[in-house]
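One chain, subunit A, links the two complexes that follow: it is found with subunit B in the first and with subunit C in the second.
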Partner chain A sequence: MHFGPHLLLAALEGLVTSAVLALTALGLSLVFGVMRVVNVAHGEFFMLGAVLAWAVSTAISGHPAIGFLAALVIAPLLVGLVALVAERLVLRRLHYNPEATIVATIGMLYIIQQLALTFYGPEARPVEPPFSYRILLPWFGYSGYKLSVVAASAILLVITWLVLTRTKIGLIMRATQYDRETAQAFGIPVERVYAGVFAVGAMLAAIAAVLIVPISQAHYLMGQDPLLLSFIVVIIGGLGSLRGTVVAAILIGLSDGIISMFFSPTLAKIIATLVVAMVLVFRPQGLFGTTPR
Partner chain B sequence: MRDASPAKTYALHVGVIALLFALNFVLPDYHQGLFARIMALAVFAMGYNLLFGYVGLLSLGHAMFFSAGLYGAGLAVYHLGWGVPAAFVAGVACGALLALVIGLLALRTSGVAFMIVTMMFAQVFYLLILYFAAWTGGDQGLVIQQASRVIAIGGAPFDLTDPTVRYMSALALFSIILLVTLAVVRSRFGRVLVAIRENEERTKMLGYDTLANKLAAVVASGAICAASGAAYALLFGYVGSSFASVQYSILPLLWVLLGGAATTLGPLIGTLFMYYVTDITSGFTSAYLLIVGVALILLVLFFPKGILGSIRERWLRWLP
Partner chain C sequence: MADSVRINGGLLTISSLDCFYGEVQVLYGLDLTLNKGEVLCLFGRNGAGKTTTLKAIMGLVPAAAGSIRLDGKELTGLAAHDVPKAGVAYVPQGRRLFAEMTVAENIEIGLMARGKGKQTRESVLDLFPLLRERLRQRSGTLSGGEQQMLAMARALCLEPQVLLLDEPTEGLMPSMIAKIRETVAKLRELGVSTILVEQRVDAVLSVADRVAFIENGRNRETVDVEALRADPSAVRRYVGVG
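Entry: the complex of A and B
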């Protein structure tokens, strides 16, 4: 294969990574932006989504599309429920203290990971894609499912943007993010908003995981990379900025895809992590410098 | 309050060291080995406590300082054939130097950003170890042969693989670091650190250079953690990338939180307690991480001050 098609393939793979990453990072960014806490267990909500997707799709017989669609609905709802319970039982009692929350979510990370290992096992298991149509390009065939993941992610991002900017729920969320105490004074149930945002953030990660699971298999350690990459995206994109998150996700996804196709993936990760750490040290507001809305 | 009973304080610390010394002759073989390991790792926890407990800086990247010592000492023995004392010094120097560089960069941030930056630098360090697998052994690690772990002092060989020598070496390092931390905490420097934790702006206004003090604390903490890592490599003869992973940045945090942050003996108690809980429970379950996770959540929810912190609050106000 020549360099051009090779690059195209790398870019397509990168685009799929970007699509999934944008959704996952958006969840982290919402929680970070509105609640001002870092959820270290975010990657585990992603993993939980994938594992539950496997469980749901194997429990339902018939055409793989039925199982997949059921998983796409049920897995995020279950993950949202888990997040809601965690928020009620732990984060609320810590009064969303940033440092205590990090320690507590590290605890959740270990608990979820261990439970997945105990009940799901150490194997990586696939979920059958809902359809297996290949798009034939002049140089190679490309999975139609992968492209539909990009489309689905784009639709979800647009919906989230509409909800945030055009609805009353979005207005309430933005008010809480802007000034918690004034929002409370105006009768906004801040604690309910927090609980909802935490659950929605986890659900976005779970949806991303269900979308990716037919491409890469479900495994109990699969939450580590998305967590780190989401951090990177959120930091580069600037806190609480939806546009910044999407742009950064595309940037990171594409460069990750291209760098790891031509260089060692470990080296790609080293460079990316180092660059982001330096961005955080020297430009804490993010590369795009958008102020939180 | 603190200076009211220096004699009592020193008696307590010397008493703990004497108790650990006596335990060497009482403990069965298995527990003797476990205690040597716990004392070496308690040094790691003490280094972490200096920064987290006294300065209030929560780092999520201390595994890099521990493994800088581990690899600094381990690679010097493995590739360069250095003797044990030189390798130990090399390990500590690596950790101190790394801490200086990381401190200069990371201290530009604070709060949540500090945690993420330290975690990312540690991740880079971990990936570098994997990337240079030709020298570091990658995730397989390296085993340091028994022959290169013998010190000759005045013609008499001290074999670090011998259980008693190993126990005593770990105890010696532990005692030195314990007394050093005690001295630091009671010094002017230690009180400035606590002042920074309580109110950095006010400390700055009183004329203290808070950045220089924090940097000194990061370097001291990094050097102590590296000493623990170097000792671990030389005493137990294994150097591996798993010691640089995120998990080893979380464990000292857990030990310190459990034992009691900003208490001199808390790190030892936390490490001891956690090691034995894991050891006992691993008899009937492999769900080791579950216990760590539940312990972390219960600690931040109900005992944010840890075992010794709670004891100090209730009964023994004079505990350092």
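Entry: the complex of A and C
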């Protein structure tokens, strides 16, 4: 294959990574932005989404699309429920203290991981894609499903943006993010907002995971890479900035895809981590973040 | 029963209120009564407990002991976000606008607190016509005086029974101070009962009905403003400035 098509293939692969990464990182960014909680267990919500997607899709017989669509609805809802319980039982009792919640979510990471190992097992299991249409390009065929993942992610990002900027719920979330005490003085039930945001953040990760399992398989340790990459994206993009998160996800996803294909995946990780270090030194608020007050 | 409420005091009655920041006690058995339609000024040194008193009313600082009653209804047991719904609006010190949001969005948050609609919005904007021209502007880019107006507008969107104003003239230039003072006087004419925290004697004398001298977390004395005009020695005694 010549260089041009090769690059196109790498870019397409990178775009799929970007799409999934943008959703996962957005969840992390929302939770940190509104609650000031660094959720180290975020990757486990991603993993849980994938594992539940496998469970749901294997439980339902018939055309793979039915199982997949059921998983796309049920898995994120279940993960949201788990997040709600975790928020109520752990984070609320710590009064959302920034340091304590880091330690607590590390604990949650191991608990969820071990539960998955116990009940799901150490195997990596695939989920059948809902359709197997291949788009034939002049140089190679490409999975139509992968492109639909990019489209689905783009639609979800637009919806999130619309909710944040155009609705009352978005207004309440932004007010809580900006000034928790004043928000309360205006009748905003901050704890309920926190619970909702934590659940939504986890659900975004779960949706991303359901979208990716037909491509990469479900495994109980699969949460680690998305967690690391999400942190990288959120730091580069700027915490709490939706635009920054999307731009950084595309940047990291594309460079990961291209560098992995032409050189090595390790080099891609080295470069991404180096970029994070540079951003932290020269622009700690991130590319699109605003300086904290 | 209506009589007993009146005997208990005015619209808002605080009795024997104790408040702590962590281990540190800030309010010691504070008593305070706000009558309907009056402007009651809390006056005292920095750290005397004026702002804490307002935060305690809003439920933002928990009351360790004592009671805060609005029209006979106990506020101390309420969650912080239910206090504004009961009819208390708060203009915090330093304004605390949602600076990254537009003027319109800040007002919207005020309206949402008690489910008020267009009519309230219009009457509040009539009170601050300047804001009407700036609805789409980011509130953080307003001047200090305009920000103060917006903070007051946002609070008035609750159509509150009681308005809490914490140092509304702090850091403003004299022409703006006069404007804010005019607004407080206008609100008083409209029958809004207000607790005003102030550091400046002149600001107090021109708008207040009564003045409560707060010292070391206690209300030492509440005096009518006429009495204070006749004999301003109390000001010197509690604050140490003329």
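The rule we apply is simple: the second predicted complex is superposed on the first by the 284 of 293 C-alpha atoms of A that agree within 3 Å, B and C clash if a C-alpha of one lies under 4 Å from a C-alpha of the other, contacts with A are read in each partner's own complex, and residues count from 1 in each chain.
One rule holds in what follows: a residue touches a chain if its C-beta (ideal position, glycine included) is under 8 Å from a C-beta of that chain, and two chains touch if they have at least 3 such contacts.
These figures come from a predicted structure and were not determined experimentally.
Asker: After the overlay on subunit A, what do you see for subunit B versus subunit C, clash or fit?
Answerer: fit
Asker: Counting only touches as set out at the top, which of subunit B and subunit C does A:Lys269 meet: first, second, both, neither?
Answerer: Touch partner of A:Lys269: subunit B, not subunit C.
Asker: With both complexes overlaid on chain A, does A:Val190 touch subunit B (first), subunit C (second), both or neither?
Answerer: second
Asker: Which of the two partners, first being subunit B and second being subunit C, lies in contact with A:Thr182: first, second, both, or neither?
Answerer: After superposing on A, A:Thr182 lies in contact with subunit C but is clear of subunit B.
Asker: Contact-wise, after the overlay, does A:Leu109 reach subunit B, subunit C, both or neither (first, second, both, neither)?
Answerer: Only subunit B is touched by A:Leu109; subunit C is not.
Asker: Regarding the shared-chain residue A:Val90, is it in contact with subunit B (first), subunit C (second), both, or neither?
Answerer: first
Asker: For A:Thr167, select first, second, both or neither according to whether it touches subunit B, subunit C, the two together, or no partner.
Answerer: Neither: A:Thr167 stays clear of subunit B and subunit C.
Asker: Compare subunit B and subunit C by how many residues of subunit A each one touches, and report the one with more.
Answerer: The partner with more contacted residues on subunit A is B.
Asker: For A:Ala100, select first, second, both or neither according to whether it touches subunit B, subunit C, the two together, or no partner.
Answerer: first
Asker: Taking C-alpha centres, what angle do subunit B and subunit C open up at subunit A, rounded to the nearest 10 degrees?
Answerer: Computed from the C-alpha centres, it is 90 degrees.
Asker: Can you report the least C-alpha distance between subunit B and subunit C in the superposed arrangement, rounded to whole Å?
Answerer: Least C-alpha distance: 15 Å.
Asker: Same subunit A residues contacting subunit B and subunit C, which ones?
Answerer: No residue sits in both footprints.
Asker: Can you tell me which positions in subunit B touch subunit A when the two form their complex?
Answerer: Subunit B reaches subunit A through residues 58, 60, 105-106, 108-109, 111-113, 115-117, 120-121, 123-124, 127-128, 130-131, 250, 253, 257, 287-290, 292-297, 299-301, 304.
Asker: Flag every residue of subunit C that touches subunit A in the complex, lowest number first.
Answerer: My answer: residues 58-60, 79-85, 90, 92, 96, 98-101, 105, 108-110, 112-114, 154, 158.
Asker: Which subunit A residues qualify as touching subunit C in the complex?
Answerer: Answer in residue numbers: 168, 171-172, 174-175, 178-179, 181-190, 290.
Asker: Can you name the residues of subunit A that touch subunit B in the complex?
Answerer: 38, 90, 93-94, 98-100, 102-104, 106-111, 113-115, 117-118, 228, 231, 235, 264, 266-267, 269-270, 273-274, 276-278, 280-282, 284
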